[in-house]
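Pasting the structures in now, so scroll down.
Shared chain: chain A. Partners: chain B in the first complex, chain C in the second.
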Partner chain A sequence: MSNWLDAVLVLLMLTSLWLLGSSRLQACIRAVALQGALLGLIPLLSKWPDISLRLGAVAVVSMVIKAVVLPALLRRAVREVNVRNEVEPLVGFTTSLLLGIALWGIATHIAGRLPVDVPGLSPLLVPVAIFTVLCGFLLIVSRNTAVMQVIGYLGLENGIYVFGWAFAIEEPLLVEMGVLLDVFVAVFVMGITIHHLSREFDSIETDELASLKD
Partner chain B sequence: MVAPSGLISLALALALAPMMPSIINRTKALFAGRHGQPWLQPYRELWKLLHKGAVYSHTTTPVFFTGPIVGCAAMLVGLLFVPLAGTHPLISFPGDFLLVAYLLGLARFFTVSAALDTGSSFEGMGASREVFFSALAEPALLLALATLAALSGQLSLADIFARIDAGVLASGAGPALLLAAAAMMVVFLAENARIPVDDPNTHLELTMIHEVMVLDHSGPDLAAIQYAACLKMWILGSLLVSVLLPVRSGWLLADLGAGILGLGLLAVATGVVESVMARLRLVRVPQFLIAASILSIVALVLVVR
Partner chain C sequence: MLWLLIAVPAIAALLAFALPWNWPRRALLVASAGLHAGLSAAALASPPQPLLNGWIALDAASLLFLAITSTVFLVTSFYAVGYLAREGRRDPEPSEDIPFVNFPEAVFTGCLLLFLAAMTLVVVSHHWGLMWVAVEGTTLASAPLIYFHRYPKSLEATWKYLVICSVGIALALLGNFFLAVAAKGAHLPLHLAIADLERHAGALDPLWLQAAFLLLLVGYGTKMGLAPLHTWLPDAHSEAPSIVSALLSGVLLNCAFLAILRGHSLLVKAGLGKFSQDLLVLFGLVSMVVAAVFIIRQADYKRLLAYSSIEHMGILALGVGIGGVAGFGSMLHAVNHSFTKAMLFLAAGNTLAFFHTKSTAEARGTLRVLPVTGVLWIAGLLAITGSPPFGTFLSEFTVLKGIVDGGHVLTGVCYLAALGAVFVGMSAVVLPIVYGTPAAEQSAVTASQGPATEAWWSVAPPLVLGTGVLLLGLYLPAGLSDLLKQAAIAVGAQ
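Let's look at the complex of A and B:
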């Protein structure tokens, strides 16, 4: 099963790059939904074939929340505030992709130095987790609209979730439920915030918000 | 060292290379609901062109004349090194994948020089685009080949592809191999001037890349260019098929058969891509090619990590 796990991890990485290189908001939401679905597969594949009921439930619940509920919330937020479908990056898409590759190098370097001592752990898990987190950070700082920053935040959280599997593989329920709640609340709050921002100021561009005085 | 399998695969390549564009065209015709051109049409065109005279503008220099010849010769030499589905090629030495990559570069340099030599502004535009896009496609190809070299621990194309068999694909290197293959597929489409990078059917100079560079060539020169294009498709296709279809039974006929079947499937796949996709806008093409390089880099990092 480690082969399939590796394939899922590589796909996870490619969705992060897709997030960096995509110019459409809808495509980004789709990418983050795919990322959520892949995340749900990781616990199942790393424990295959002895999957307990609890593990299966955690995987299915996280998949439903991350791949269905959160993207639906994001789509609703996008629809309600009428943001344009273009991403409008501060850093261009090609540059973002190249930065992404630099981040991948950094992530593998850090992961190589990190003493992770869990038996049966895929050697790709830690670098991909760090990379997903770094890409989330990059999205948050390099995109203009609040919606994209929420997507970046989601990516960041997904990376932490993968990281959680590296360490808390024995006791996943507690950690994952905490993380899921975290994300859920975050997206909910951000969704409401975006809604109110657009109602008050006619725009959710963070650059324009920064130039507001009193 | 001359291997008999090398002679057979070389003869097959020389004879069957023009079938690839034919298969692509028939696939596209099938999608469009047309009957399509006869299977042997590319051969007929080559035959027809070889029996025509060439017209040379009096403003051109011998550079214009050498372009098609060097282009075709470079492809013929490159073919000597390229193994089809793990069979031993005619010549092989450590590091020959660099030679093959830069033989493609040499052919491109002469094609571009010949295009610039005509002094036509359209051909200059095509030359500029060709050089720009291939500069972006080259790292993708080289990094993909470097990934394969690192994976197999070998430095010659023959040894690299002899080591990459079904066992490698099933072991932990599967994802890296698939990423490298995806990058090579993009390079295959870009270098052979297919959709989504270039449209081989277009005859509007403003949008053409490869076709516009050869507008002024005629007769046997044009035949050399078209044959070189077929050989280039065969070379890049063989590299891709050797990765994706790792049949290494050890029986020469079975391996060669699988390789040729793979090339046929690749041509069908190209035809499907051309039928279901539109050409990318010119400004989006660099991003597409950089994405291919990125796939290669990711694969390389996965292997050497």
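Let's look at the complex of A and C:
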């Protein structure tokens, strides 16, 4: 199944670039939902055909949360508040894309220096994981609207998950569920905060949040 | 037994969300804090059996940090009751000088108790994944606490806290996965249980292990407030209600510190101690210097205390990085700092309630208008700057002794210079708060009615904490000293 796995990884990489280049919030939410769905496929494809009940369950739950529930929460936040698309990010969209290509170079460089001693592991896996994390970072620091920052956080989290799935790290079910729950609550709390932000500041542009400084 | 430590605050939190009456809820807060403290004391007397294959266990380090958490929470819970009663009496409608409505008290109390449950889980977990879940849990439980006064600035602080800490902690998750890869490379069928990893530390892949520690340090270091990752800390501490600031500074930062210590301990056991020690010393010194720069001429006394926390987190990291006797000093300093900082934040809360301003230029002469709070400020200033006879003097001196013993001249010079700068900077800001001349209107009120009466709940808790620090400076009980030593050994700092 390694061809399929590679295809999924390439798609993941493309969704990251899509996130970097798009100004439309709805499109970005769709991209991050697609990422969540692709993410759930990775453990299934890499272990195919011997999938334990536990692995299947975790994959399905993670897919439901990351591809359905969290995007729904984000959409609700966007609908409720007086939302605008990202008009003037700190770093422009073309520049972001160019930076994205540079990040890919960095990711492959880092991945090349870390020894991976797991047979049958796709050579794309580690670079794609690191790339997704770096793209999430770039989104968080370069975008002005609170919703885009949450999307960046989700992208970052997805990248970390690619890594976790890649090595099929045998974390106990309890911990995996805990991690998913934390992410869910984090986005939920952030959603509520966004709601309050829009009421207080009449916008969710975080560059208005600049009264606290030294 | 161990379950109860986490279950008591968690169940009490659910009750607090559900209870519709204020006074029973406040009683519940104090009762569950007292029960938690009692359970911690029992655990100190006879450490209970580990649970869940040893993922939840109490070693010396857990016991030490559990004791700090429980004590500070219990003492501040009394303050919380009075505080909530006073906030509850406020005009529920927004008015000219109070342009906001507080968060519902039920949510506040519930989150406070959830916060305690999450912090307890951090200190007792001996599994990297579980600890990560707990640390992120503390962020989520405390975010609504910072937003108690619903005004724009606290909202801004909450947002920064949520985003910066969540991103930081996400990196720590990546660090966890790196740890697992380090174990996989060694062909060990391992989970991320701390004890298992430490037992096989020698077989772990060193490169992945170093990368993992770096991520854990950056991730949990964000939460601990190590510069330059500290940016959320002054905002959150200055905008949160003072009792929350006291808990954030006095307890939460320690929990994040413990998470870093677990990583350090693993590296020491794997023979890579030099790598983690150097990083800890570097981050420690940078934090002290950055904090000193911002403390000098600070115009907001709650931000002042927040920067002071960054400085003290630097001392903790530095002490562990130096090792030897400094590791012991660092453990002792964790206790001293928690008590002192919680006391100072509570005193700051009293000051803020009276003057309605956090500006150091306007809140002056507390000794005249609020005599007990004035005394608390002056004692707190002496304690936090490490003056004798307070316990902080002893612990900062022990760290210095460790530095000198190890022959780290440059580190010692930087350490002393930063401490000196902080001493001067803090004195210059705090002394006018204590001895300055109050503004005309407050002077007039005081002249006609005498000093304001200070409610017992607002002064007794900080006085208890201050007395604790003073006693620790005069006499270190043998039992505590043993515990500190064992804790330092358990985290590889001895």
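The working rule: the second predicted complex is superposed on the first by the 195 of 214 C-alpha atoms of A that agree within 3 Å, B and C clash if a C-alpha of one lies under 4 Å from a C-alpha of the other, contacts with A are read in each partner's own complex, and residues count from 1 in each chain.
Heads up, the rule we're going with is that a residue touches a chain if its C-beta (ideal position, glycine included) is under 8 Å from a C-beta of that chain, and two chains touch if they have at least 3 such contacts.
Every value quoted in this text rests on a predicted model; they were computed, and no experiment measured them.
J.: With both complexes overlaid on chain A, does A:21 touch chain B (first), chain C (second), both or neither?
T.: Touch status of A:21: first partner only.
J.: Which chain makes contact with more of the residues of chain A, chain B or else chain C?
T.: C
J.: Now for A:50: first (chain B), second (chain C), both, or neither, which partner does it touch?
T.: neither
J.: By the touch definition at the top of the document, which applies to A:164: first (chain B), second (chain C), both, or neither?
T.: second
J.: Can A:127 be said to touch chain B (first), chain C (second), both, or neither?
T.: After superposing on A, A:127 lies in contact with chain B but is clear of chain C.
J.: Between chain B (first) and chain C (second), which does A:3 come into contact with in this model arrangement: first, second, both, or neither?
T.: In the superposed model, A:3 contacts chain B only, not chain C.
J.: Touch check for A:190: first (chain B), second (chain C), both, or neither?
T.: Touch partner of A:190: chain C, not chain B.
J.: Where does A:149 make contact in the superposed view: on chain B (first), on chain C (second), on both, or on neither?
T.: A:149: touches chain C, not chain B.
J.: Looking at A:100, would you say it contacts chain B, chain C, both, or neither? Reply first, second, both or neither.
T.: first
J.: Spell out the residues on chain A that touch chain B in their complex, using ranges where they run on.
T.: Going by the criterion above, the answer is residues 2-3, 6-7, 9-10, 13-14, 17, 21, 93-94, 97-98, 100-101, 104-105, 108, 112, 123-124, 127.
J.: What residues on chain A touch chain C, complex-wise?
T.: My answer: residues 114-118, 133, 137, 140, 146, 149, 153, 156-157, 160, 163-164, 167, 169-172, 174-176, 178-179, 181-182, 185-186, 189-190, 193, 196-197, 200-201, 206, 209, 211-212, 214.
J.: Which chain C residues qualify as touching chain A in the complex?
T.: 127, 129-130, 132-133, 136-137, 139-140, 143-144, 147, 150, 152-153, 155-160, 162-163, 166-167, 170, 173-174, 177, 180-181, 184-185, 189, 191-192, 205, 207-208, 211, 234-235, 238-239, 294, 298, 303
J.: Per the contact definition, I'd like the list of chain B residues that touch chain A in the complex.
T.: Counting only chain B, the residues touching chain A are 170-172, 174-175, 178-179, 286-287, 290-291, 294-295, 297-298, 301-302, 305.
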